[in-house]
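I've put the structures underneath this note.
In what comes next, chain A is part of two complexes: it sits with chain B in the first one and with chain C in the second one.
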Partner chain A sequence: MVGVEEVRHLAHLARIGMKEEELRLYTEQINEILTYFNMLDELDIGNDIEPYRMSREYKAMRDDIPVAFSAGNALSNAKNVKGRFIKAPKMG
Partner chain B sequence: MVSSSKIALSAYELVEEVKVGSISVEDYIASMIERIGSMDERINAYITLNDHALEEARMIDKMVKGYSNDNGSYATKSLLGVPLAVKDNISTQGIRTTCASRMLEDYVPLYDATVVKRLKGAGAIVIGKTNMDEFGMGSTTEFSAFGATHNPWVYERVAGGSSGGSAAALAACMASIALGSDTGGSVRCPASFCSIYGLKPTYGLLSRYGLISYANSLECIGLMARSVLDLALMLKVAAGSDMQNDHTSIDANSSISLDLESMNHDLKGMRFATIREIVESEGTDEPVRDSMFDALSSVERLGAVVEEVSIPSLRYALASYYTIAMAEASSNLARYDGVRYGYTAQPDGVAWNEFYSKIRSNFGSEVKRRIMLGTYVLSSGYYGRYYMKAQKARALIRDEMLKVLNHYNAIMLPTMPILPPRIGERISDPLRLYMVDICTVIANLAGIPALSIPYSMYNGLPIGVQFMARHLDEPLLLRIAYALESARGDKVRRCMI
Partner chain C sequence: MTSIGNSDARVRIGLEIHCQLTALRSKLFCTCPADYRGKEPNTNVCPVCLGMPGTLPLLNRRAIEYAMMLALVLNCKIPSRITFYRKNYFYPDLPKNFQITQYNAYEQASVGVDGVVELDDLDGSSKTIRIRRLQLEEDPGRLAYDGSIDRSNYALVDYNRAGVALVEIVSEPDFNAPNEVRLFLNRLASILEHLGICNPALEGAVRCDANVSIGEQARVEIKNINSFKDVERAVTFEITRQRSLAARGIEIRGETRHWDDARRITVQARAKEEEEDYRYFPEPDIPSIVISSKDVEAIKASMPELPHARVERFVNVYSLSRDTAKILVGEKHLADLFEASIKYYDNARSVANWIVTDLKGYLERYDDGGGDGSSSSSNSVILAKVTPKHIAELAMLVDSGKINRATARQILQRVIATGMLPSAIVQSINVDMLSNKDELASIVDKVIEEERKAFMDALSNEKALNYLLGKVMRYSNGRADPKLVLSMLKERVIGTSKTGQ
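Here is the complex of A and B:
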């Protein structure tokens, strides 16, 4: 079972701002869903079963050739633009 | 303007008329845009229309009339002039692509997804971008920042999801063919609820380049159409390896041959399996079970043998699927930071973490729930208990499914265990909503192809039937659908006019 404080920590890890009432609702729903996921515990799969990995079947490698966009295009979806740069909040 | 019977043409019929010049593509696209204008206020299938669709149509008309210097190459284009609806999580150059999220409400991609590029290359015209559950997370198209999509057959019911806009647009003849994406049933569920065809291809058969990521190891771009031949036309064009996507199957091109004209109209010699755990489940509605048994009799009349098998590990399919999907989502959606694109705020004087958290509070409720749970199952101390166990369960389910497919040509199941719910009926109970994906997620876990075929109607509500086959055996799925379509006659209204 996870409590409200643990969900608050999860929201911090995922960097999602949340109001108190949202935290309470998510705590309830997350517990319900995790209780369902707990059925995986009863699965008797010893170490002889390898976890699924996609790379077993599919593989294609290509040369790493850059695709050039003009600065105007590359910045067209950014809103906080200063000259050829994107403004971001300060780190830390 | 084009008559309503022409608007309902299948893609292959339309292409024939366009090539002989008996339909002007400009008139056709204009009529379809007008139809969308008059119908879509109620259905809400589209988020954005392509402002250049008419211009593209005029260029095709010029080619057909010989007024352009394409040297007659139009004659080889198998989707010439066909209006294509594209789910709004598939990148379209110059056309807004929102994922039905506030986070991307004004995002305009700089390039086309490979599959879009291929379909456009064959002459298709993107008519618009369709509504969906935000980032593909949902089974009803109610979790959209642009409002729910209504089912064209019964307005107060959901269209299914997450590719609900594409399915509703097709059913209401507001497009001729459509693209969706299928992570755990998102093409097949709305196809079933809207009475159209929905194909989730073999993982790796279609390039995912340009599909905005939610759960990479599970999701595929899927194809949607009103007829089997249209689906085959799309598949021929869309399939194949792509160096931009390192998970496309190298040998896919050579493995796919789709000569429907020469196909048998029967299913003699075929062996199908149904899965006891699903058919007998309490969660399967009675009308759905009845329809499934009716479909079973139909394929037997066509010469197939159907037997029941048991796959006990399917009990863990939903827990495995949702654990993996949420884990991958929490990682994929970390990129939405409001800096380079998407929803943003004034960054001056704001600390990074505060800015990031504030921007990301604009995800919708289901997306937040999945990111939080994905963060949890990947976090230290829980990774082994949930994520690794889920991957082991996935390997087990996949192996058991493939064993069944060693003995049978296909697995036959309902597409959805329930009838289309009323809008608002299921949205407040997330776990209950996840449960309805039981018949579809197993194909994504195993990476095998699956096709939802429109089969019957119950009190005006569509019910689909689903077939799953071995890797790269899409031709078999199309053959089954073609045999059922040929035998069915007018049992299903294929299109709402």
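Here is the complex of A and C:
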């Protein structure tokens, strides 16, 4: 279970400003979700199970061959641009 | 473990070094060209490195191979399974809001773990530096500002660099003095050059963070050190700062500081996230890579000759002293020049001496302090002019008694100024150096007349003077005294800017 302070910290990490009542609302909702996940613990999957991980053969990777992307302008979807730069908030 | 130089066991320094794999042709997870330098902002990008929804990163095999090579040279263990993780943080230079990197808290799954590097100084003392891990990760984009960073209200982002392959090397805090750090970084630069995976001379190709603590005091991180040369300076500054605080009874705070290379001091930086705030989790888009011992053997077999082996070969095959061999191999371009020169003149010791004492001494005097662990930019200009044939001839002329060593040194300067072969220079100077101002004045005038544009350039850019100097040297068949000519050229430049012609 999480408390309001943990959600406040999460909001800070995500750089989202939240009012006190929003924090309370989301804390409640997150706890509901976590409780829902608890149902997984009830499932009997036996012991000594290796966590499932995808792995692939060393040989199945990409070769180092450059192909420039030419299908469009990277800036076409950017709302704030200056020259060829994308404008972003300055971080304190 | 003995220590090197003026080390203090209470001082503990650890390094985090980022090396771009500049020899790669494409980025780490997409096919965008790896060479982003000098390109218009945001033109070297694609949906993958811009972090567009629905895109799938695909790992560059060669990046894994290069990182494994470096891990092996640093005596790291290579885990049988290599896994990538997402490091989550919000910063405008990171298009996806997470960086694909590696993380060893849950499993040892970075390309290399638990390495050791033996540092040995020329005086024979040595010490061991442990390597905690070596990992692959993607470089973020680059932020620029309109005017100064303090005055600007926004950041300008260029994602051309985003996704370029970086190797991060994390050492244990085993260094006890700044000069040990320098020795290590020089060694690393030589390894990178010999492996041919990273060119440390490229701007931003190697970056270093350092952590410094004294005794039981808190640990301070220094970020933003953009050249190997500045690491020693930054660490020295930080040790002095912490010592003077301690002397005044002020407690040292655990904090992150930035290296300000213009002012050569460390300054307090913004508070960063704590390690747990990054909420690392396995990157679901990149399956783990299984590395067999056969794969490791294949990588080992493909590795070029390494600095250590090269030193041994120079000692055994060419009968060089170990010190001379180490100096040559310490800078790959010098070792290469040596091996190429002895094809023209097979007195290896004589050729080696020329490079190690005279040429290297010359380079050090003319070093402009450029950005990295190897040669500076003006040095590379000089080195481009001195060919193996030049070195071989110089050594041969001295050995045959045709010229003495002092004359040969002057000839080396002329070689650098004119690119002429030493034998031709010797023939042309059947008399002493041309150091008569009146005789030289006519040549200087002639060159300024012919090279009006270069001369005008020299009014604002001193480097253009070298071009004019070269011309004067050619017209005088290498006889002119370069120092005198340079001062005469400077006089003319000052005279011209005063009269405003």
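FYI, the second predicted complex is superposed on the first by the 68 of 92 C-alpha atoms of A that agree within 3 Å, B and C clash if a C-alpha of one lies under 4 Å from a C-alpha of the other, contacts with A are read in each partner's own complex, and residues count from 1 in each chain.
FYI, a residue touches a chain if its C-beta (ideal position, glycine included) is under 8 Å from a C-beta of that chain, and two chains touch if they have at least 3 such contacts.
Small disclaimer: the values here were computed from a predicted structure and weren't measured.
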Which of chain B and chain C A:Y26 touches, first, second, both or neither: first
Which superposed partner A:G83 touches (first chain B, second chain C, both, neither): second
Partner chain(s) touched by A:M1 [first = chain B, second = chain C, both, neither]: neither
Touching partner for A:M91 - first (chain B), second (chain C), both, neither: both
Contacts of A:P66 with chain B and chain C, given as first, second, both or neither: second
Residues of chain A touched, compared between chain B and chain C (which is higher): B
Which of chain B and chain C A:L40 touches, first, second, both or neither: first
Which of chain B and chain C A:R15 touches, first, second, both or neither: both
Overlap of the chain B and chain C footprints on chain A, listed as residue numbers: 13-15, 53-54, 57-59, 61-62, 69, 74, 80, 86-92
Footprint of chain B on chain A - complex, ascending: 2, 7, 10-18, 22, 26, 29-30, 32-34, 36-37, 39-41, 43, 45, 49-54, 57-62, 69, 73-74, 76-80, 86-92
Touch list for chain C against partner chain A, complex: 24-26, 30-34, 40-47, 50, 58-64, 81, 83, 88-92, 143-146, 149, 152-159, 270, 273, 277, 279, 282, 287-292, 295
Of all residues in chain A, those that touch chain C in their complex: 9, 13-15, 53-59, 61-69, 74-75, 80, 82-92
Contacting residues of chain B [partner chain A, same complex]: 106-108, 110, 203-204, 217, 241, 243-250, 313, 315-316, 318-320, 322-323, 330, 334, 339-342, 344, 346-348, 350-358, 360-361, 363, 368-369, 371-373, 375-377, 379, 385-386, 388-396, 398, 430-431, 434, 445, 447
